[in-house]
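Below are structures written as structure tokens.
Note that subunit A is present in both complexes that follow, paired respectively with subunit B and with subunit C.
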Partner chain A sequence: MFEAIAFYLFAFLTIAMFFITVTTSQALYALTALAAGMIFISAFFFILGADFLGAVQIIVYTGAVMALYAFGMMFFDTTRDVKEKKGNKYIIVGLSTLAAILVVVIVAVPMVSQNVVALYPAIDGVGNTQEVGLVLFTKYLVPFEVAAIMLLVAMIAGIVLAGKKMDLSITLMNDAAIEEEKNKKVLS
Partner chain B sequence: MEIGLTHYLVLSTILFAIGLVGVMRRKNLLLLFFATEILLNAVNVAFAAISHYYGDMTGQMFAFFVIAIAASEVAVGLGLLIVWYKRHGSIDLDALATMKG
Partner chain C sequence: MDTAYLIETIIKVVVILLIFSALAGIGTYFERKILAFMQRRLGPMYVGPYGLLQVAADGIKLFTKEDIIPTNVVGPIFKIAPVITAATAFIAAAAIPFFPQFTIFGYTVHPIVADLNIGILYILGVMAVGLFGPLLGGMASANKFSLLSAARTAAVFISYEVVSGLSILAPIMMVGSLSLIDFNNYQTGGISHWIIWSQPVAFVLFWIAAFAETGRTPFHLIANDHEIIDGFGTEYSGMRWGLFFIGEYANMFFISFVIPLIFLGGYGDGSLLGALGLIGKVAFFFFFFLWTRAAWPDVRPDQLMWLCWKVLMPLAVINVVITGLVMMF
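Up next is the complex of A and B:
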């Protein structure tokens, strides 16, 4: 009973937050609503018994990804209203519905055929975090290491891309130097 | 009233549809990124639900890797976006249409 109440409450909250994210014209509202939605998503993980996944969701998404977006938004002019595409609304709604139904079919077909067998079944008497560790460091060790290398590559790429001209400080330069810097083609 | 796997799959579908609508109607690249985050989260919910109802850990593992990929995607994407903004002064999709197809 409590599970049902929690499910419907968080389902409503998540849908509302994500709806605000895609419809609002203020970038800051979209960011805040998206962060709230991420935390509500983690509630589903806790309901489903995936405690470690829920904690990772909060730490990585709301802690790291949203903070990165917030810092990234400082580079952009986000105070003005966002312009929207003037497209045919019916085409957009139709295509979205079709694609979403396709996704459900893709997920549901193997279940209907009853061919799903648990490859790595849950172990009795062991907490979720321990189970995750057992499976991650035995069966998924190589993907885990590859993911680590990928994160390192992404970190270096982020530093290289965003860090250009970061050594210049406008507050420490005089007006002539700023003018000279402006006249140079940026990142040419 | 029992919450089954179907409930979670329907919820995941609704979230995925919201994300798709966002991808299609947004012009600002930053808000387009937000919509892709919604798509990834919708899929994560479906993975966790399937993992729970079939007693299999594979779904959760995939959700972890999806989160890792999302984090690196944001890092690289925001770096590219900053470079683009420094050069052109706007992050609208229309400004990106240099390859007229």
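Up next is the complex of A and C:
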């Protein structure tokens, strides 16, 4: 009974939060509702007994949304409403409803036809973390490593794009050297 | 899930909430006294014996002060931000074993609200969510100092989360579990079994990251009084500001519990002496928070970033690699 109560509570909260995210014209509301929604999703993992994934959901998405806040801070005055260009309302509502129904159908059809079988069923007496590790390093080893390489590529690209004057450190320079560096920038 | 379990959990939650809310108040008394002695002053001494009732006076002031919501702030976010800080601090405490289990009137009590098998991950994750409080409060305040504070919060969060995560990875590899109770049981063999002796680097790194996550003095740049007034707290008054305060102190206490549990043997074999030992360790780490505040200057934001990305993070990665190699061969 507790599980049912928790599920419906968090289902309602998650949907409400994402609804606010989509409909509000205030950047701060949207970001906060997004963060709250992401954290509420972790509740479903905890209800299903996947504690590890629940905690990872909290850690990963709070960090990701925090970065979004930083961008919001740079680009908007977050205490004011954003003026949005609104297109045809009916098209937006119609398309999003259609997309939602499609997603539900795609996920639900294999369940209805009962073809879903766990390829790696949960082993008794083995912790949550170990089970994730087991699947990650056997069945999904190649996607896992490819993801790692993609992240490495992104990191190197980021360093190359942002890494001008990486050999200079304001922390290690004295005031005279900093002044000199500033003047150089003005002249060039 | 029977009724007895439910009642027991509710009682535990209420007890933890009451004790640590009160400790937050008493913590300020200790902080003021210790800072005063280190600076050759007397500290609070007029209200009650040795100034002890100063805590009550401050509490009454906070509760009865007018709760001001300035005109230009984003109301709902501004109102909810302090609640996030205080609430997440206590939510994180759900996975901390405060004591060894004990029997009272023939009923065995486990002084942990939820014995998750991923305790550490949960605690670090939820404590990190607590930084949304300063961030949201700063961004909603319509005040340039608050906004600066919010920007610094985001920077500290994104960088020091990496250090605390990587530094804790090496002990986790040794223990092979994420539960704090397993960590404690790994070290029951006495002082020579403590993880600090095999993982001194991880211990220091985690300790430094703890200062960043609680926003205490060497890394107090989130709310540095002498450059950005009170940062995210500038526009707050009354009990909303008090909630930020309770959250910060509760976080200090909880992280003071987590460090000994991971590195310093926790409550040991579960005897009364072990439990008292844990309290002693917690008291030392809490005292150290105050000690650094009296003894150390604050670092600049760029120094903080330099320290995190160019010193602490490489050290943490090297530590993980060496631990892995040692465990493999």
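By definition in this document, the second predicted complex is superposed on the first by the 141 of 188 C-alpha atoms of A that agree within 3 Å, B and C clash if a C-alpha of one lies under 4 Å from a C-alpha of the other, contacts with A are read in each partner's own complex, and residues count from 1 in each chain.
One rule holds in what follows: contacts are C-beta pairs under 8 Å (C-beta built on N, C-alpha and C of every residue); 3 or more make two chains touch, one makes a residue touch a chain.
Just so you know, these numbers come straight off a predicted model, no measurement behind them.
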Touched partner set for A:Ala176, first subunit B, second subunit C, both or neither: neither
First (subunit B), second (subunit C), both or neither touched by A:Gly127: second
Subunit B versus subunit C as contact partner of A:Val56, first or second or both or neither: both
More subunit A residues in contact [subunit B versus subunit C]: B
Which superposed partner A:Ile15 touches (first subunit B, second subunit C, both, neither): first
Touching partner for A:Ala70 - first (subunit B), second (subunit C), both, neither: second
First, second, both or neither for A:Leu28, with subunit B first and subunit C second: second
Partner chain(s) touched by A:Ile106 [first = subunit B, second = subunit C, both, neither]: neither
Partner chain(s) touched by A:Ile41 [first = subunit B, second = subunit C, both, neither]: first
Intersection of the subunit A residues that touch subunit B with those that touch subunit C: 52, 56, 69, 72-73, 78
Subunit B residues within the subunit A interface of the complex: 1-3, 5, 7-11, 13-22, 24-28, 30-31, 33-35, 37-38, 41, 44-46, 48-52, 54-58, 60-61, 63-65, 67-76, 78-83, 85-87, 91-92
Subunit C contact footprint on subunit A (complex, rising order): 2, 26, 28-29, 32, 35, 39, 51-52, 54-56, 58-59, 62-63, 66-67, 69-70, 72-73, 78-79, 127-129, 169-171
Complex contacts: residues of subunit A adjacent to subunit B: 1, 3-4, 7, 11, 14-15, 18-19, 21-22, 27, 30-31, 34, 37-38, 41, 44-45, 48-50, 52-53, 56-57, 60-61, 64-65, 68-69, 72-73, 75-76, 78, 82-85, 87, 92-93, 95-97, 99-101, 103-104, 107-108, 111, 116, 118-122, 131-132, 135-136, 139-140, 143, 147, 150-151, 153-155, 157-162, 164-165, 186-187
Subunit C residues within the subunit A interface of the complex: 1, 72-74, 76-77, 80, 116-118, 121-122, 124-126, 128-129, 131-132, 135-136, 139-140, 142, 147, 150-151, 154-155, 157-158, 161, 165, 177-178, 300, 302-303, 306, 310
